[in-house]
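Just below is one structure, and these are the notes that go with it.
In this document, chain identifiers A, B, C, D, E and F correspond to the written order of the chains, with residue numbering beginning at 1 in each.
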Amino acid sequence: MRGHQAKLDISNGCIDLSHGSGGRAMAQLISGLFHEAFGNEWLARGNDQSAFDVGGGRMVMTTDGYVVSPLFFPGGNIGTLAVHGTVNDIAMAGARPLYLSAGFIIEEGFRLSHLKMIAECMGEAARSAGVHIITGDTKVVERGKADGLFISTAGVGVVPVGLDLSAENARVGDRVLISGTLGDHGIAIMSKRQNLAFETDIISDSAALHDLVAKMVEAGGHGIRLMRDPTRGGLAATLNEIARQSDLGFRLQEEAIPVKPDVAAACELLGLDPLHVANEGKLVAIVSPEVANAVLAAMRAHPLGCDAAEIGEAIADDHHFVQMATSFGGGRIVDWLSGEQLPRIC
Amino acid sequence: MCLAIPAAVTKILPDEMAVVSIDGVGKEISVALIEDLAVGDYVIIHVGYALTKIDPEEARRTLDLLRELSVE
Amino acid sequence: MKYVHEFRDKEIALGVAKAIGTEVDLARPYRFMEFCGGHTHTISRYGLEDMLPNNVRMVHGPGCPVCVLPAGRIDMAIHLAMRPEVILCGYGDLMRVPGSQGASLLKAKARGADVRMVYSTIDAIRIAEENPAREVVFFAIGFETTTPPTAIMIRLAEKKKLSNFSVFCNHVLTPPAMQNILKSCGIRNIGHVEIDGFIGPAHVSVIIGTTPYEFVAEEFGKPIVITGFEPLDMMQAILMLVRQVNEHRHEVENQYRRAVIRDGNLRAKEEVSNVFELRDRFEWRGLGPVPYSGLRLKPAYTKYDAELRFDMGELCVADNPACKCAAILRGIRKPVDCELFGKICTPVTPMGSCMVSSEGACAAHWTYGRFRDHQQRPAS
Amino acid sequence: MRGHQAKLDISNGCIDLSHGSGGRAMAQLISGLFHEAFGNEWLARGNDQSAFDVGGGRMVMTTDGYVVSPLFFPGGNIGTLAVHGTVNDIAMAGARPLYLSAGFIIEEGFRLSHLKMIAECMGEAARSAGVHIITGDTKVVERGKADGLFISTAGVGVVPVGLDLSAENARVGDRVLISGTLGDHGIAIMSKRQNLAFETDIISDSAALHDLVAKMVEAGGHGIRLMRDPTRGGLAATLNEIARQSDLGFRLQEEAIPVKPDVAAACELLGLDPLHVANEGKLVAIVSPEVANAVLAAMRAHPLGCDAAEIGEAIADDHHFVQMATSFGGGRIVDWLSGEQLPRIC
Amino acid sequence: MKYVHEFRDKEIALGVAKAIGTEVDLARPYRFMEFCGGHTHTISRYGLEDMLPNNVRMVHGPGCPVCVLPAGRIDMAIHLAMRPEVILCGYGDLMRVPGSQGASLLKAKARGADVRMVYSTIDAIRIAEENPAREVVFFAIGFETTTPPTAIMIRLAEKKKLSNFSVFCNHVLTPPAMQNILKSCGIRNIGHVEIDGFIGPAHVSVIIGTTPYEFVAEEFGKPIVITGFEPLDMMQAILMLVRQVNEHRHEVENQYRRAVIRDGNLRAKEEVSNVFELRDRFEWRGLGPVPYSGLRLKPAYTKYDAELRFDMGELCVADNPACKCAAILRGIRKPVDCELFGKICTPVTPMGSCMVSSEGACAAHWTYGRFRDHQQRPAS
Amino acid sequence: MCLAIPAAVTKILPDEMAVVSIDGVGKEISVALIEDLAVGDYVIIHVGYALTKIDPEEARRTLDLLRELSVE
């Protein structure tokens, strides 16, 4: 802004309404904070959109809003989550993530130092995932009309030729693979909520899964029917959705489902089922029985899949139930979460 | 009813409070309902309160009995 | 988790299941009611039904403090929470319990009521301290297990001289409800279903001990086994009940010896009796009014009684007439016998008490067990 | 959801936290409300992302967050705005908009009937703009942590071969064209704010400009240097940005700038400058002098450009000033809005 | 817009400009101070400088009620707004006025103060009615034009028996400030700049009439023309001043006859005198304390006086020593003479009073006129 | 200072209020400071209050004078 503006006071400054009003303060915030954090040739051109070349073929697009509270949590923050989550939704199509957009809705009073930290983490997460944040938007709302910061990211990626992963593709007999332990993210978040606060070393599993996916596609090819990241609603919601969309059921083996002991303990404490708790760096893959072992081996060879496991299979079921043989020896179903996830007394 | 789980006492705090651990998960609870508590004791906790100490001897006996029943 | 995983051991479970299978008399039915929702939950969560002989049937009782809260009390809480000065604190379980006409605290919150979920009564005290200009009300629910923490909280509020704090008391007592079920259905016959024995409460008994159940054995001639909530506890207790039935005994036995002693927790009982006194009657969802089954604050503590402080009155709302809860929690009907089950009544939109908490008979069957209803039918 | 769920009570129902928890209530909201409103083959597949085929070449991506208050205003609502705004940011690159994503952040207590109305308007706006909302996201936050509803949309489009419109492309001597009257949107919004409330027939100009843009590109080809929609901060912000990015200045003729009489009157009432007020269906084009007349004619032939005007030209200016010859006969500069746009007493 | 567009006519303007050009004596300078920020704004907004002969120079006076509010009063308002029970209402202009150390109401709002922008005093009354549990304070600023609406508001508050409403009064008077400028700089000489005549206030004069300015003509021997805010009004007034100077007259003339009469608005003056009384002195940003230049509530209305109600005390903050405002608004310096201008002092981050509102001399030059500073230099 | 604009009175309301129109933009204002107001009068409004009526005769005279000056 060519010196016609006091510098952003990152250490003590706060967002106020002028940072969202289309004036000089907003331009300064965007160029002085976001462009610096995300720095790339597309943003530098300063257009309301960014252009890129594509080779043709099949692309995917996705979006997610991030409203996590607290904004900073063990293992990440809203910014890393906003990159990983959207990269993962692209990767779940077997696609290579290319470009992200990022929209910020900021409550007035938000500390610039926090915003900078979050933006820098996003930039770093994007760089390590090999994606570029090429376009964005900033809105500021009055105090009491947001919760500090919301981020929306959208992303596009390119699908390898011939691959078509989709929720209706599961077939009876397919195997259910999970890339690692369940519930780490949700429990890490809950441990920092004031009304629940408990002490734990659990950290969020937030991670970009595109490289793991690439290795799985390499190993399993067309034997991979679909992949999905079990985020909100956990594994239970993901499998119930797929069951409905593919018109079948699942039978899981509880013993095979990896859950860290401290996550299990925190779930007991709060009366929650780890199958309902959110993950941000895990995927479920439904694969044909023929490639199950090869895909599982590829997963276990990857740092983000070392705890991968085969946990069940698709069965014919007109009612789309996700059944589970309990580790105790009985049977049950794994249902959707009913309503919100609330700690229970009974 | 009444979700409650066993936890090991790791620290006694003032004001009838204590820290317990459940497989490494720490939680501050009230022990206002318990007498003669020591670090290392297991208690049953419910809504942030210890309801009672677990008797380790009785627990062992119950398990022994279960094993016995199961091999019969 | 010590004292947890040992009691979930599959090998031992299969062994005990085998023992039960060996010892049951195939010529007769064994119908055991677990009073506690915690036991109902364990049965469903671990799939115990799959491990029991066909002639051993578990009947789910009314033992969930959330489920038995009548719609009128929820309506009262919603009215209270809607007052702008009030912050209503309560356990997470309460959020979806239905009042009349589909109302709930979750929906009241969405419409502007300041409702806060707390994990512990200690959090409610903290909220009162942090909001001196507001009226903080704790929505107290629960059986004997959950009452002592409320008593401690009131002692704390007094110590801290909190003037903006009160309690909407809905604590209820287990033995009167058991007695009501047994009495209302004749001595040896509950409607069309005969109950052959009881699985007695686990954590309630931690507080009150085993003596309060002696009337079941003595007056009603039923075996009762006080039982822990882990699945092996239940398997053992079922075997103990099978043996009492086979041997024509009707005693109070204690399977949960690691946590329950005959007299219970004397200190907890004292805390409760310092603060609370019996109500003449209290309404239970599904059971109707049960004499001497509820608690209220003693006269010395009436300043903490939200019902008086806010002149809340009493709201009575009839249960949904199509709901079969009353029959279900007496063991006369099963969830699938209710035409609302799974259609308009699910855990997201519960119509009756049995669907309210995951411990209710209908909710447990819906959440964990309903696949069994379809196991006979072929997939289309 | 196969009858296992009470129907959404659209007329009386409210959003509560369970609608955002990844459980059955959320699935029902998405399928029963959003899919119905946006209805297309991509959403119907129910994946976390959507795939589409592209022919290769140059694509653009953009995003915007919509936090407008009030949510319903004369001439549109937050939903139509969220479609038009993002379509326009794509169109400003000369691109043909193809696909949108839509993310919703909803405050608990929000009326389902309003959500449905907004979603239906979005679907309708997308259909008339020839774009598809192919992927989305729904989050619910506690009361007091949002302002009813925020919407984020992202979009992708394809750029005609050889076209490269960008903010640094303006050259000295280029003409400044505006597609119509200024300030209609901002004044329509302000007229409904409780603390300002005034009576007026002014309606928002919210509209999708992609077709107008296509006609302009047809008429002007490579003579079109760049286009931009003067949204937040108005024409003033847009031209100041371009001046900075293209390292030149502008000289405008106040008389040539179209402003409706009632918009001008409302601006006088509030002490605002129409050049600072937001537009949502207007564009500024910087074009070479050779094509200026042809492009202007193409604009005027289009229903969304009937009030189009040439309002000035790019000049050499090291200070990047946007100067204006006032209709009174003097000169002034047109500066960025300083801080937020507030009605003034003096 | 009737009574607006006619007075912005370019053709007439060019004619009047020509007349001024014809009538000025090229051998002498004409230095006219417009006291009012409204006139400063008109000059900049319409580019009048481009239409005047080079020897006619407009000197910008202190006449912006927002600009002259000292930093200490802003700090007082911020402290008040930070009290959790207070809702501070004020005109939008106030939001960015700097207190000490870069503080402003906009930033206080961002940090949690409940600050509401209102368009009218009537909105403040509404907010007080809607928030009975809060303390609503109206941050009153303005010259004689803006004072009557505050007086009416207080009458309304009394009528409505509002007990949660008060006013932080910062109303100031125009004539004492003009007198202060003239006096502090000697009779015919303000610092190094001689002023040859005054453009008198438009809307202030609507209320107070023309008589209060007679001292300028009489005591100080200066011509003064009461002038409307439209650009043609100003062109005409400048011509009238040129003629008075040429004819060695020093009279109060009234160009703005369509709205200003000699005695002003009697009813408005009565409303004001019912509610307000003079302060002994009041501090002006840039001018320092000016005797009898501010208003406060009369004893009968002290219950509405926020300064007493909240025991606000008095905060005094020194102006930025590098700021040249004091000299600028006496006509001694121009904005570009200040080394902070456009570097660290801009309308987004104003350092002194002249940059605060768009009517301040520095702000007007920054916002509308600064391109002229560079017109000589070639573009690089 | 003191942003104020002319507006035509279109309706007199109770409680010293009125509706004015500025080129079709309607606004409710207070007329507590004005006497003898009639629909059709023009007033100068400032912060939601009418400050005075505009004298149409004087306005015409000023304009006439301006035109005169300008042709000189």
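A few points about this structure:
As a working rule, a contact is a pair of C-beta atoms (placed from the backbone, for glycine too) under 8 Å apart; a residue touches a chain by one contact, two chains touch by 3 or more.
Note that the structure is predicted; figures quoted are calculated from it, not measured.
Contacts with chain B and chain D are shared by A, C.
Between chain A and chain E, the least number of touching-chain steps is 1. Judged by contacting C-beta pairs, the busier of the interfaces B-C and A-B is B-C. The greatest centre-to-centre distance from chain A, using averaged C-alpha positions, is reached by F. Of all residue numbers that take part in the contact between chain A and chain D, over half occur on both sides, making this a same-residue interface. The centroid of the Cα atoms in chain A and the matching centroid in chain C are 37 Å apart. Taking the mean of the C-alpha atoms as each chain's centre, chain C and chain D sit 55 Å apart. With centres defined as mean CA coordinates, chain F is found 61 Å away from chain A.
Touching of two or more other chains is recorded for residues 17-18, 23-25, 142, 261, 264-265, 268, 338-340, 344-346 of chain A. Annotation for chain C: residues 1, 4, 13-14, 37-38, 64-65, 91, 96, 106, 119, 123, 142, 146, 346, 348, 359 touch two or more other chains.
Residue positions 1-3, 5, 22-23, 46-47 of chain B each touch two or more of the other chains. Remark: chain D residues 3-6, 14-18, 23-25, 108-109, 142-143 touch chain C in the complex. Those residues of chain C whose C-beta lies close enough to touch chain A in the complex are 1, 4, 8, 10, 13-14, 17, 37-38, 44-51, 64-66, 91-93, 95-96, 106, 116-119, 123, 142, 146, 231, 346-348, 357-359, 363, 366-372, 374, 377, 379-380.
Chain C meets chain D in the complex at residues 96, 106-107, 109-112, 342-344, 346, 348-349. Chain F makes touch with chain E in their complex at residues 1-6, 8, 22-23, 29-30, 32-35, 42, 44, 46-49, 51-52, 54-56, 58-59, 61-63, 65-67, 69-72. On the side of chain A, the complex with chain B involves touching residues 198-202, 261-262, 264-266, 268-269, 271, 344-346.
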